[in-house]
Amino acid sequence: MSFFLADKVAPYAWFPEGASSFAPQVDFLFTVILWICIVFFVPIVIAMGYFMWVYRERPGYRGSPEALHNTAIEITWTVVPTIVVVWVFWEGAMGYLDMARIPKGTVDVNVTAKKWQWAFKYENGGEHEVIPVENSSVTELPLLVLPVDRDIKIIMRSDDVLHSFYIPAFRAKRDVVPGRYNYMWFHTTKEGLYDLFCTEYCGDNHSQMNAKVKVVSQEEYKKALEKAIQEPEDPLERGKLLYKRQGCSTCHNAGAEGANGPGPSYNGSWGKPVQLESGSEVAFDENYVRESILNPQAKARKGYGKASPMNSYAGKLKDDQIDALITFIKSLENANSATKK
Amino acid sequence: MTAIQENLAHVVDDHADHHHEHPSWLAHHFDDAEQQYDSGKLGMWLFLVTEVLFFSGMFCAYALYRNRNPEVFEFCSSFLNEKLGAINTGVLLFSSLTMAWAVRAAQLRQHQLLVGMLGATLGCAAIFLGVKAVEYSHKWELGLLPGKLYVAQLDGAHGPHKGYLEFICTVPAIITALCALYAIYAFATKSLFHQRVAGPMLVAGLCFFGGVGLGQYLEAQEEASKGHGGHAAGHEHHAMVDGHVDHGSHEHAAAPESVHAAETKTAAEIAASSSASMGGSPNVYVSPIELKTPNADVNQRSMAGLFFSIYYCMTGVHAIHIIGGMIVITWLIVKAAREEFHEQYFGPVDNVGLYWHLVDFIWIYLFPLLYLIT
Amino acid sequence: MAHTTTSEHNHDAHAGHGHHEHGFSHPMPIWMLFAVFFALLFLTGLTVFQAQFDLGNAEIWASLTIATIKAALVILFFMHLLWDKPLNAIVILGSLIFVALFLGFTLMDAEGYRENLIYNSTIEASQPVDPNAPAEGAPAVAAP
Amino acid sequence: MSVVDRPITAPVHSEVDSYPEHHFLNHSKGFLSWALTLDHKRIGLMYLVGVMSSFALGGMFALMIRIHLWNFKDGWLSNQTYNQVFTLHGAIMVFLFIIPSVPAALGNFLLPVMLGTKDVAFPRLNLSSFYLWVTGLVLFLTALSVTGLDTGWTFYTPYSIETQQGGAVLAATFGVFVLGFSSIFTGLNFIVTINTMRPPGMTWFRMPLFLWAIYATSIIQVLATPVLGITVLLLSAERLLGIGIFDPKLNGDPVTFQHFFWFYSHPAVYIMILPAMGIISELMSVHCHKGIFGYRMIAYSSIAIALFGFLVWGHHMFTSGMADVTTIVFSALTFTVSIPSAIKVFNWLGTMYQGTVSLNTPMLYALAFIFLFTIGGLTGLPLGALSTDMHFHDTYFVVAHFHYVMMGGTLVAFLGGVFHWWPKMTGRMFNDKLGIISAIIVFVGFNLTFLPQFVLGSRGMPRRYATYLPEFQPLHQLSTIGSITLGSGLLLALIVLLMSLVNGKKAPRNPWGGATLEWMCSSPPPHDNFSSAPTVGDPYDFSNIEYDGRVGGYVKRT
C-alpha cells in the first residue's frame, strides 16, 4: 500500500528539489515513514477524541472499570510496531550503505573547512571562484562547480573546529572533523544551482558559512576546471582574486568588501606605522606583509594578539602570489578605513 | 560517603510520636537497625557504581589512545618508576587489610583496636600520598607534563626546575604541625578521647613524610642504577640535567641518544628516532606534515603529552579519592574514639571500608596499566 | 529483587545466619583477612615479575587477568560481597555491564575510522615552546 | 465508580472536613526552618520554585531566539549574542530545568508519600543535593553574566577548547559537574528508598506507576551521570591545562568527546521523559476514574526504556563519520527503544476506554501530552533511519522533534502533574476554568511554534543559524507567532497557580478521586506524612472511592 501511495503523493512536497541519486531513495523512505506515522497517529487521535467524548464524565453516566488488561491486543500493539520499525531500519541502513560505499572512478574534490569559509580544490589543483549573492546576509559565496551525471567524491578536512558539509538538494551530509579525513560521495543527476550549508555549529558566523553548488554539463565543467587554475596577469587583479580565494576576506576588510571579521582591516594601512603587541612599532610595508602572511604571530598587531588565530600561509602561496597580494593591499593605501565598524 | 553520614543521622526531631523507642543512633524514619544498615549499604554500593562509571571514562580514554599509539605508551611508561608503583600497591593493599579488620573490630566492640586499625589505614594512605608526591615532583622537574605543557627534551635550553617537592609538601607540613599541636594538647589535658584522635592523626602526618623519604630514596637508587646505563628513563633525565640537548642542532642531540638507544629496548630506539626527526629552524613555520603512521615521532607534545595527560588524570583523580577517604576515616576515628560503634551500628565503618576498598580496587588496575607496559 | 524490610522483622529471624549473637553483622575471621592480603601481595609480585618479559599483545591481557583476580579477591572478601545481599552484588556487577557497553561501542567506533586520522606530528618541532609560559588558550597567533 | 451526582466543574464546597490544622507548611516557621529542612516535602517545594524560575529564564531566552529569527538577516541580536542566547537556552533548560523538574521537584514531594514512608532514606543527602543544584545554578548565572557561553549546550570539542569565552566554559562545565552530582544523589536516594523502605504490604507491583518511572529514572541517573561528570572534568582540564585528550591539535580525538557526552546525554533524554510518562500514567487513571490499562506492561516498559536508553547514544553522531558498523548497530538499537514508548501510548488510550473521563486541567494537559508526544515519537522514526537522517541531521527537523518530546512531552506532563498535585502540595484549589484555557492556549501555541519547524528542517534549514535564506522566512514568522502564544499560555498557567494561593478554596483530602497513598493523607500532608501507618492496597482500585459533596472531594467507602 505504502509503495503505491509513495508514487502518488506529490513527490517533493516536503523537500527541496532532489538533484542526486540519493534523493529518490531518501524521499521514498521518508514518504513511506510519513504515511506510517499518519497510519498510527490519526487513529490514535481519533480514538482519543472519541473516548474523550463518549466516556466524558456526566450526570447519569457511569464507566465500567473492567477493561484493564487484554493480552491479545497488547501483543498486537507490540508486534505490529516492531515489524514496522524493523522494515524502516532495514531500508534506512541499506540506503546508508549506498551512501557510505564510495564507488571507483569518481570526480574528486578536496574540501577544507575553516571558520567560516569553505575552500574547494579541484583535481587539477584549481581553486573555487566566488560569486556574488543577493538578498542574503552575505554578499558573496564560494562556488563549487560539479559535472552532471558523475560520481563525486568529497574529501574533507577541517583546519579548526567541527563543521558539517550539507547539500539539501543532494540529501547528503557529513561532518568535517579536525584531525582526520572524512569522505562522502554522491551522484549528480540534475543541472542547477544549489545551496550548501555548514550544519555543525562552529562559532560566530556559523550561519554565514554557506556556499553555492553549481551542477553543469560535462563540457562546461571542463571549462570551469581550466578557468580555476588561471589567475589574472595583472598583479592587482590577481591579488584581489587571491584575497577572496584564500579566505583573507573572511577576517580582513578591504575596500568595501570582506568581513568585519576578527582580523584588522587592510584599508588605509599601507605605509603607516603599526603598533605591535610587544609594544614596538614597525612600518606596514612589503616586508611586514610578507612576514605576516608566512608567520602571522611573529609581529602581531596590538589588540589582535589573542583574537582568532590566523594560520600561516607558508607553503600555500607561491612567491609571486604573495607579491600580488602585496600589490592589492598597497592599492588600498587610501581606502576609507571608516568602513570598518 | 554522604550516604554514610545519613546513616548515623542523630535526628532528634520535635515530632516524637514513635511507637517504640528510637535509640540515638537510629534515624527517626527507619524502623529498625537492620533497615538503616541495609539502606546505608545499598546507598554505598550505588555510590560505588557511580565511581566505577566515573573512572570508566578515563579507562576508555586510556584504551583508545593506547590502542592507537601503543609505542607512545611503551616509551612513556619507561619514565614511571615501577618500584615506587609496586610499593604503593603494597601499601594500599595493607591499608585495605587494616580497613577490613577495622570493620571486624567495630562489629565486636573492640574500640581500642578499631581506633588503631583506622589509624593504620590513615597512615598507609599518607605514605601512599608521600610516595606519589615524589613521583609527581620528579616528573615535573623533567618537564613530563600533561598535554601541551609537555616540555621534556623538546627544548634543550630548558633546564631542570627544582622545588616542586617542597611546594607539594607545604600543606602536609602545616597539617602535620597542627596535628602535633593537637597531640600536645591532648596529652597535656590527659583526655583519652583527644589522645585517641590526635595520635593517629599525628602518625599519619609523619607517615606522609616517611613516604616522601622512601620515595626519594628509591628514586635516587633508580637514577644511580640506570642514569648512565642507557635506560630510556634514566637517559632522559641525564640529558635534561646536563642540558646537552641543543635544539638548534638536532643531529648533535640525536647522536648520543642513539648510542644509548642501541643498548636498550625498543622504547629507547623510538626516543632516538623521535629526536632525530625533530628538525627545522624554530623561527619558520613549517606546515604540518600529515603522517599516516604516528610511529615517527614519539617524544613530543602531541604524542607523549597525551600519555601523561591520561597518567595525571587517572592518578590525580585517584589521589583526590585517597584524600577524600582520609577525611572520612578521620571522622570515623573521632566517632570510634567516642566508642559509638557496636554490632547494631557499624554501618559507617563498613561503608567507608567499601569506599576505601574501591579506591584500592581502582589502583589494582592503574598499576599494571600505567607502570608495567613493556 | 523482592526483598522487603519490615518492622515486624526481628533479630531472632537471623538465627539461621550463623552469627546470631551479632545480629546482622558478620565479622570476618582474622586468618581469612590475612590469607587474602598475602594472596594479593603474591599476585602483585607476580604481575611485576610477568612484566619483565615481553609478551607482545598478550602482555596487556596477562596483567589485566591478574588485576581482575586481585580485584575479585578484594570485592568478595574485603568488601564481603560473598556474604552480602544478592541485590548489592547485582548492583555492582550490573555496573560493569554498562562500563563494557561504554568502552565497547566507543572503542569499536574509534577502531573503525582509525585509517582516516591525520597525525599532527611536527607541530612542536617548528614551534619551540617557552617552558615558563602559562597554560592558557591556544598559542596566540595574530593577524597582521 | 460512582460519580453520578458529581458536577462536571471543579468541586464547589464550603466546608472541608479534613483541612489539617498542622501540616508540613506551618510545622515550623522562619527562613532557616526551610533552608535547613530535612523534610522531603519542603525540599520538593524548594526545587519546584527553583526549576520553575529556571524555566522562566530559559523561556525568556527562547523568546529572544524566536524574535531574533523574525527576519532572515539583521535580527536584533548580533551573531555572537544569538549564539550565546541559544546556548544558554539549551543549557538552562536541560541541566537546570528538565532533568531536575519531575524527579527532584515532584518526585521528592511525592515519592515517600506515595510509598507510605516518613521520608526518603537519606534526608540530609537530599538537602545537600538541593544545595548542589543551587550551586550549579549560581555557576550557570556566572557563566551568563561574566561572559557569555557560546558553545552550544553540548560543549562539542574542539570549539569549546578554542572559544574565547573560556571563563564561561569553565564556569558552565563546573556547573554541569555539580548538577550531575545533585542528580546522582537524588537518584541514589530514591533507589534506596524504594528498595529498603517500602512499608508492609507495599509490594513491587502495588507501587504506583509514577514510582516505577522514578525508579527507572534513578537507575539512569546513577549509571549515566558519572560519565558526564568525568567528561566535563576532562573538558575543564582541557581548557585549564591543555591535556589534549579531545584536542585534535594535540592528536586527541574530538569525536571521542561526543561518545563520552552522549553516553550520558542520550540516557538523560530518558531521565527527562520517563518521569513524565509516570505522571501521565497517574493522571490518566485518576481522571478517567479507572484502573490503568496494562499495569505490568507500563511498569516493565519503563525499565526497558531505561536500559535500552543506554544502547542508542550513537544516533546523535550518525553524520560525524562514525565507522559504518557502529552506525548501523546504533541505528538498529535506536529502533528498539521506540517499542516500549509506543506500548505506553496505547495503554493510556486503553485506560480511557470505558472510563469516566473528567475533562479538568490536569487531564487536558495529559491529553495534550499524548498528542504531542506521539508526534514527537513518530518523527523520531525518520531520524533513526539512517538514510533519511543524513538529510535531517542537525536541521530544524531535529529541533522540532526534540521539542515535541522534551517540551510537548516533559514540560506539558510536568504542568499536568503540578496542577494535579497542587492541591496536595499547597492545600489550595486553583481555578479550573482558567486552567483549562491555559492548557488549550499552550497546546495551540506549541503546535504553531514547532509544526512549521518540521517543514523548515526537511527543506534543509540547519539549526543554530542566526541568519537564514529568505525563502524560509514565512515559516519562521509563523513559528515566532506560535512561540508568543505558547509563552502567554504558560504565563496564564503560572497566574492560575499563584492566584490559587491568594484566593483558592481550601482543598479536600482527595479532590480528584485518586487511590494512591498521597490522597489518603491530608492536604497539605502533615509533617511526617501519615499520622498512622497507611493501609496499602491496589493503587488503581477505584471501586470504593466516591464523590462526597459535603467535603467537596472524594472519600473512600468503607
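A, B, C and D are the chain letters, set down in written order, and residue numbers restart from 1 in every chain.
Throughout what follows, contacts are C-beta pairs under 8 Å (C-beta built on N, C-alpha and C of every residue); 3 or more make two chains touch, one makes a residue touch a chain.
Since the model is a prediction, treat every value here as computed from it, not as a measurement.
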Centre-most chain, if every chain is reduced to its averaged C-alpha atoms: D
Distance-maximising chain from subunit B - centres being C-alpha averages: A
Winner on C-beta contact pairs when B-C is weighed against C-D: B-C
Centroid distance [mean C-alpha coordinates] between subunit C and subunit B, Å: 15
Where subunit C and subunit D are represented by their mean Cα positions, the distance between them in whole Å: 34
Length of the line joining the C-alpha centres of subunit B and subunit D, rounded to whole Å: 39
Distance between chain centroids, defined by C-alpha means - subunit A, subunit D (Å): 34
Subunit B: positions in contact with at least two other chains: 35, 38, 42, 46, 49, 52-53, 56-57, 60, 64, 148-149, 284-286, 294, 301-303
Interface hub residues of subunit C, defined as touching at least two other chains: 5-7, 87, 95, 98, 102, 106, 110-111, 113, 116-120, 123, 135, 137-138
Residues within subunit A bordering two or more other chains: 179-180, 182, 306, 308
Residues on subunit B engaged by subunit C in the complex (per definition of touch): 31-35, 37-38, 41-42, 45-46, 48-49, 52-53, 56-57, 59-60, 63-64, 67-68, 82, 86, 89-90, 93-94, 96-97, 99-101, 103-104, 107-108, 143, 148-149, 151, 154-155, 158, 247, 265, 277-280, 282, 284-286, 288-294, 296-297, 300-303, 343-344, 346, 353-354, 357-358, 360-361, 364-365, 367-369, 372-374
Interface residues, subunit D side, partner subunit A - complex: 1-6, 8, 72-74, 79-80, 83, 150, 152, 156, 158-159, 162-164, 248-249, 251-255, 288-295, 297, 319-321, 324, 327-328, 331-332, 335, 338-339, 342-343, 345-347, 349-350, 352-359, 367, 370-371, 374-375, 378-379, 381-382, 384-391, 393-395, 455, 458-460, 462-470, 540, 542-543
Residue numbers on subunit B that touch subunit D, as the complex places them: 2-3, 5-7, 9, 11, 14-15, 17, 27-30, 35, 38-39, 42-43, 46-47, 49-58, 60-61, 64-65, 69, 146-149, 294, 301-303, 305-306, 309-310, 312-313, 317
Of subunit A, residues touching subunit D in the complex: 14-16, 22, 25-26, 29-30, 33-34, 36-37, 40-41, 44-45, 47-48, 51-52, 55-70, 73-74, 77-78, 81-82, 85-86, 88-89, 91-100, 135-137, 160-162, 164, 166, 168-169, 171-175, 177-180, 182, 195, 197-208, 306, 308
Sites on subunit C touched by subunit D in the complex: 1-8, 87, 95, 98, 101-102, 105-106, 108-113, 116-117, 119-120, 123, 135-138
